[in-house]
Amino acid sequence: MKNLNVGLIGGGFMGKAHSLAYSAMPMFFWPAPAMPVRHTIAEATDDLAAEAARRFGFEKSTADWRKVIEDPQIDVVDIATPNHLHAEIAIAAAQAGKHIICEKPLARTGEESKAMYDAVKDAGIVHMVAFNYRRTPAVALAKKYIEEGAIGRILNFRGTYLQDWSADPNSPLSWRFQKSVAGSGALGDIATHVIDMARYLVGEFASVNSILSTWIPDRPLQSGGADALGNVRGGDGPRGEVDVDDEVMTMVRFANGAVGSIEATRNGWGRNNFITFEIHGTEGSIVFNYERRDELQVCFANDGDDRRGFRTVYTGPAHPYGSGLWPIPALGIGYGETKIIEAHDFFKAIAEGTSVSPNFADGYQTALIDDAIVASAEKDAWVDVPRVAELAD
Amino acid sequence: MKNLNVGLIGGGFMGKAHSLAYSAMPMFFWPAPAMPVRHTIAEATDDLAAEAARRFGFEKSTADWRKVIEDPQIDVVDIATPNHLHAEIAIAAAQAGKHIICEKPLARTGEESKAMYDAVKDAGIVHMVAFNYRRTPAVALAKKYIEEGAIGRILNFRGTYLQDWSADPNSPLSWRFQKSVAGSGALGDIATHVIDMARYLVGEFASVNSILSTWIPDRPLQSGGADALGNVRGGDGPRGEVDVDDEVMTMVRFANGAVGSIEATRNGWGRNNFITFEIHGTEGSIVFNYERRDELQVCFANDGDDRRGFRTVYTGPAHPYGSGLWPIPALGIGYGETKIIEAHDFFKAIAEGTSVSPNFADGYQTALIDDAIVASAEKDAWVDVPRVAELAD
Amino acid sequence: MKNLNVGLIGGGFMGKAHSLAYSAMPMFFWPAPAMPVRHTIAEATDDLAAEAARRFGFEKSTADWRKVIEDPQIDVVDIATPNHLHAEIAIAAAQAGKHIICEKPLARTGEESKAMYDAVKDAGIVHMVAFNYRRTPAVALAKKYIEEGAIGRILNFRGTYLQDWSADPNSPLSWRFQKSVAGSGALGDIATHVIDMARYLVGEFASVNSILSTWIPDRPLQSGGADALGNVRGGDGPRGEVDVDDEVMTMVRFANGAVGSIEATRNGWGRNNFITFEIHGTEGSIVFNYERRDELQVCFANDGDDRRGFRTVYTGPAHPYGSGLWPIPALGIGYGETKIIEAHDFFKAIAEGTSVSPNFADGYQTALIDDAIVASAEKDAWVDVPRVAELAD
Amino acid sequence: MKNLNVGLIGGGFMGKAHSLAYSAMPMFFWPAPAMPVRHTIAEATDDLAAEAARRFGFEKSTADWRKVIEDPQIDVVDIATPNHLHAEIAIAAAQAGKHIICEKPLARTGEESKAMYDAVKDAGIVHMVAFNYRRTPAVALAKKYIEEGAIGRILNFRGTYLQDWSADPNSPLSWRFQKSVAGSGALGDIATHVIDMARYLVGEFASVNSILSTWIPDRPLQSGGADALGNVRGGDGPRGEVDVDDEVMTMVRFANGAVGSIEATRNGWGRNNFITFEIHGTEGSIVFNYERRDELQVCFANDGDDRRGFRTVYTGPAHPYGSGLWPIPALGIGYGETKIIEAHDFFKAIAEGTSVSPNFADGYQTALIDDAIVASAEKDAWVDVPRVAELAD
């Protein structure tokens, strides 16, 4: 088992999740494909970085992410920053020959994403974009059923990602509401996860037809760069403009003839992390709700008429990734497990010299879909989605 | 309490449901606004009609629906036939001065619907279209919360009506798959119920953008006129073309600025009568699933942060129509109750000389929405929905 | 099809439910085994009886239930009174040669029940006790699976009946809280339904071990005999003693070696008509919740390891009683349907000259179980349950 | 922040869970009360121990757990072995002055537990027994509501722990089926978690009345000591006797007058980790199901009659432990989080020199309850539960 030194850039929510994954991956998947070594973490200042290193178990820290890129001991660069920094860091890391995992969305636009994609292709390194939710064991089980043909030809897909952390008009104007930093709002932040799962489970998008809505036009300015996700109310201070979408609705035509709809909002009171999909095929159906992520519901048409119904399958050792996780179902898949599996598959690809999915081609393709959604909403019309060449049918 | 003589045209599934309603309405709502008398039932032949009279408790029977219209003793005409007969019967009944309740959809097209609407307006009688699902107590409770402002301004609506009774390619080509009889497929048959609830709860539609899909192009020909709803397989005999939609997806812009999506299919394995909606407002959310129709889920933003969540409210005596129904919640609201309430409200309007909703104006408006959905799907574009004059803002 | 004249005694909640059943039964099950004719209804006074006749569709009315018994035109006596009148009426009806359906529990005690049972046996008439919940289609489906051996040998049963209508200390002292009228509290009122289902699905009880609790020792006196089920608060007036149980818990040893537990309360805030059971067998499990009564959950051990889970089966045409009910699942089974099925099976037994279950032997057996539960709670010990002779293994 | 060196004895399922907790605790709770250092891990052989050290991130390894006890650098001993070793190790560790966390159940019997309890009291160290499920945030939220009086006086508790991993008669005879190693079966293994939660939420047990059942009398012998939890079938080889319970049912009288029932089985097909409780109070109810552990259901009696129902509260930053966990609810609480919180509270107690609950007094008390359950089942009678002196009212 080889050691791989990780340089993690960003010590926020995602920095925590990724640190957990590096620490826990060999505990779950043993023997590990390679041993992650938490080598260096970068944060905004020396103090923050030093604290993050202690907290997250890194050997070194730095206030300059370029130091991570330049360090010849670093094998893997992990980009867990706000979106506007992804491209610059990733391109530099690729040029330095590092393997890269980048938080989603890949970048703010298709154009930025293309530059990143081109860079990693040129560099010949292993690259991954962190759409972790497709690695929920229940989602991987859905994929398995579909690949086995257990639900036949797919007719449609309906997906949602509903949250409520920004439903309060006084939740703060974090970077997630600023186009210059985030690129888009609910679209890039959360709808992309559903888009990624739709591509994973159904196939490529042919065209989209969309509505973008901004329900809360301004929010309290936030001191500091914290990403409070609505848990801290903003009070009476000055407010700044929101220039991204609060909600996205889109219809989809898939290249294979299936149809779909996707909706995402961060203003849906009572919904927390309500990532759902329902897929109807000619031979069955699959339903998933991340809020109850240990479970996948599947209906097989060929069950007897007197005993057909959605089966609630709790994922465990008999299901994808089950040998590495917990010994019986429903002990509990949490957010961490999705990241642990992600880290496993990324390290496995590095160790074996293969590629992994979703990678930067996927991230770039998702960005092209995002761009088409924005264009569709602006034009009030169906817009075709261009295809990344290597993903052509 | 006045007696009102009912002439019921059609002794199928809907004839049964309406007969139950007339019989049971005074048992539930007492004193009844007026007493329904099951006077005459019309069916295709004398024998079928006589049998239907015995089964459903009618005093007389006839094989000629015109006899019902012409009978001066009849106060109320109830149209429970396939869709293509609605217009002719309703117009004749209106001209004969009968009060009319007509099964949904009002007719096959907006044009037919307009003729019916014009006729009942001219006649000055009480008219109703039988979108019964909005009378599910939990749906009426949703309306109450919205009217109280309990969830604030409505931002969006997402509704589904998913069934699986036609998912088998060998389920028979009943009239519901023939445009000449039904007008449309899943659109008129089931999506209209969701459209009706969206209008009821959110408001009028401004424009739609839709996809219609026909997944199974032909089905086994059916002997007889029965409406087997897929429970009888069609076997190996000759097959006929399906010329209506199996599935409809539409996005909606409401006149008040809210946005929405509606999806309906009869090919969704594992879904039976999955009529759902989710509504997000600025102060809360409402979620409904008819498959669990005793329940309404509501989330109030102003509940404390440490105890906010969807409340599962079981409807009973404290909720709309509760005084007439069962003495405690969850004894069980079935399909019959929705029809009993419908009959109550219809008879109340007749007794009090008022109008009732949804009436033919609503049915006509829904038909205009249906036409716009069809046009949108043909044009691949947003299509504005015309407004029935009396429903203008 | 023969007509059978029904004399209904009692025009409250149960009178309503039974009237609905007589009216609707032929509408659902056609051809009906026999046609119920709503002949005479008895209530406390002439006026109440006349009003009930109009409301519930009976031809005649009387203030004297003995008139019903004595009327030679009456074929069927339906006892829908408070519990303390069951025995006297049933015995008189049996001696008059009427077929009898009696609301549950059969009587206040085992002793009263025995007298009733002896009377109907001597009379040779058809008798039934109205434990309607076992006729919920999903419960009948559970029975079918068990009889097919689909879940193997039964190991255990856990059942609940939880309500909250008496949780408020100011809900009124209706007859249901008075031992002289009701016999017992939650035990006879609601636990008996679960006991009936346990006997139906698992088998006879060998012994019980119980706790009875009375949480609210007095309640506001109620004017009139109404059965408000807690929906009307009692205010500040004088209060009377509650001398029955609010809650019962019991463990069960079944004769076949299975074990079980049953719990019932009318003081469980948030529970409405929460009749549930969970049964584990050597080859599978079954779970039911009447609050979601269209559904039965079943897990089959021999499903593949990668796709085993509870199937949520919505009952419809493919399931017990389905041919008579609604054309697709989830249109909605309500309380009425359980009573319509009950009426069907009762009339079928009369028409065919057979017996029906649960009958007075079952009602008597359940009363013996109730008595054993009371004795066990008093003695703080396991108590054996005697067996009605005709029910011996 | 002080470092505390941990010596972990046992590298199986629990060794993994605890290692995860030590690694992740500071990532979640920062600043950490003290920094856990994974110092030494003990396993059965040198090779196994060395492998475990690499996998779980420990600095050293040993095949002799006594080396851990004797090492003066070790501050904390973590006992994650099969049950029969708990007492010997814990007593030795206490005598060596180590702080101790011991997996549940504390020991095989009350007697063994008492010896352990006496040892830790004498030693004056911080001790904890790892009933982790009470640290599920939703369970801690239930505790908070109860302490606030939000559901009033507690009337009853019904809890279950249902699994199916041993339902197959060919699942192997692991140590969990051997009384000499495990002490008891479902009782000690899983029912104890429910007993712990009942004590935590309701209070001390006064007496119990129980049934123990062994459904599968023998199982295939297992090679090696692995704890396969039923995922590996045993095949056709020789079988050994099961001398512990497969299922336990008990009724409970609590010291404060509440009543309860608890049921646990490992043979309930379709149930995975179905730890549930339902608590009724005079002012509300609480319902929990660990299989959907992000959620707590609570019903408040004082909600309005037209909007009362169980609230499904997803735990997050506004709830117990929320500041340390994930930034919004439903990102996902897994098994790991319960152990991370447990580690946090244990280290906090050490750092602050306080005690923590559940500790060895609680573990001993639970063992006394277990013993009473066994005695009750043997005697077929209610058995009083003795009280550990320091837990007296």
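Per-chain numbering from 1; labels A, B, C and D assigned in written order.
Convention: a contact is a pair of C-beta atoms (placed from the backbone, for glycine too) under 8 Å apart; a residue touches a chain by one contact, two chains touch by 3 or more.
Since this is a predicted model, take the numbers as computed values, not measurements.
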Could you run down the chains that neighbour chain A and chain D together?
-> B, C
In terms of contact pairs by residue number, which of B-C, B-D or A-B shares over half with A-D?
-> B-C
Relative to chain C, largest Cα-centroid distance belongs to chain A
Could you tell me which pair, C-D or A-C, is linked by more C-beta pairs in contact?
-> C-D
Chain centre separation (chain A, chain C; CA means) in Å = 53
Separation of the C-alpha centres, chain B versus chain C, in whole Å, is 34
Express in whole angstrom the distance between the two chain centres, defined as the mean CA positions of chain C and chain D.
-> 41
Of all residues in chain B, the ones touching two or more other chains | 295, 300, 308-310, 314, 318
Interface with chain A, chain D side, in the complex: residues 1, 13, 16, 19-20, 23-24, 26-28, 30, 32, 35, 54-57, 163, 165, 227-231, 272-274, 290-295, 314, 316-318, 326-338
For the complex, which residues does chain C have touching chain D?
-> 151, 155-156, 158, 160, 162, 164, 167-168, 209, 211, 213, 215, 247, 249, 251, 253, 259, 261, 263, 265, 267-271, 278, 280-285, 287, 297, 299-301, 308-310, 380-382
In their complex, what parts of chain A are in touch with chain C?
-> 141, 144-145, 150, 295, 298, 300, 303, 305-314, 318-319
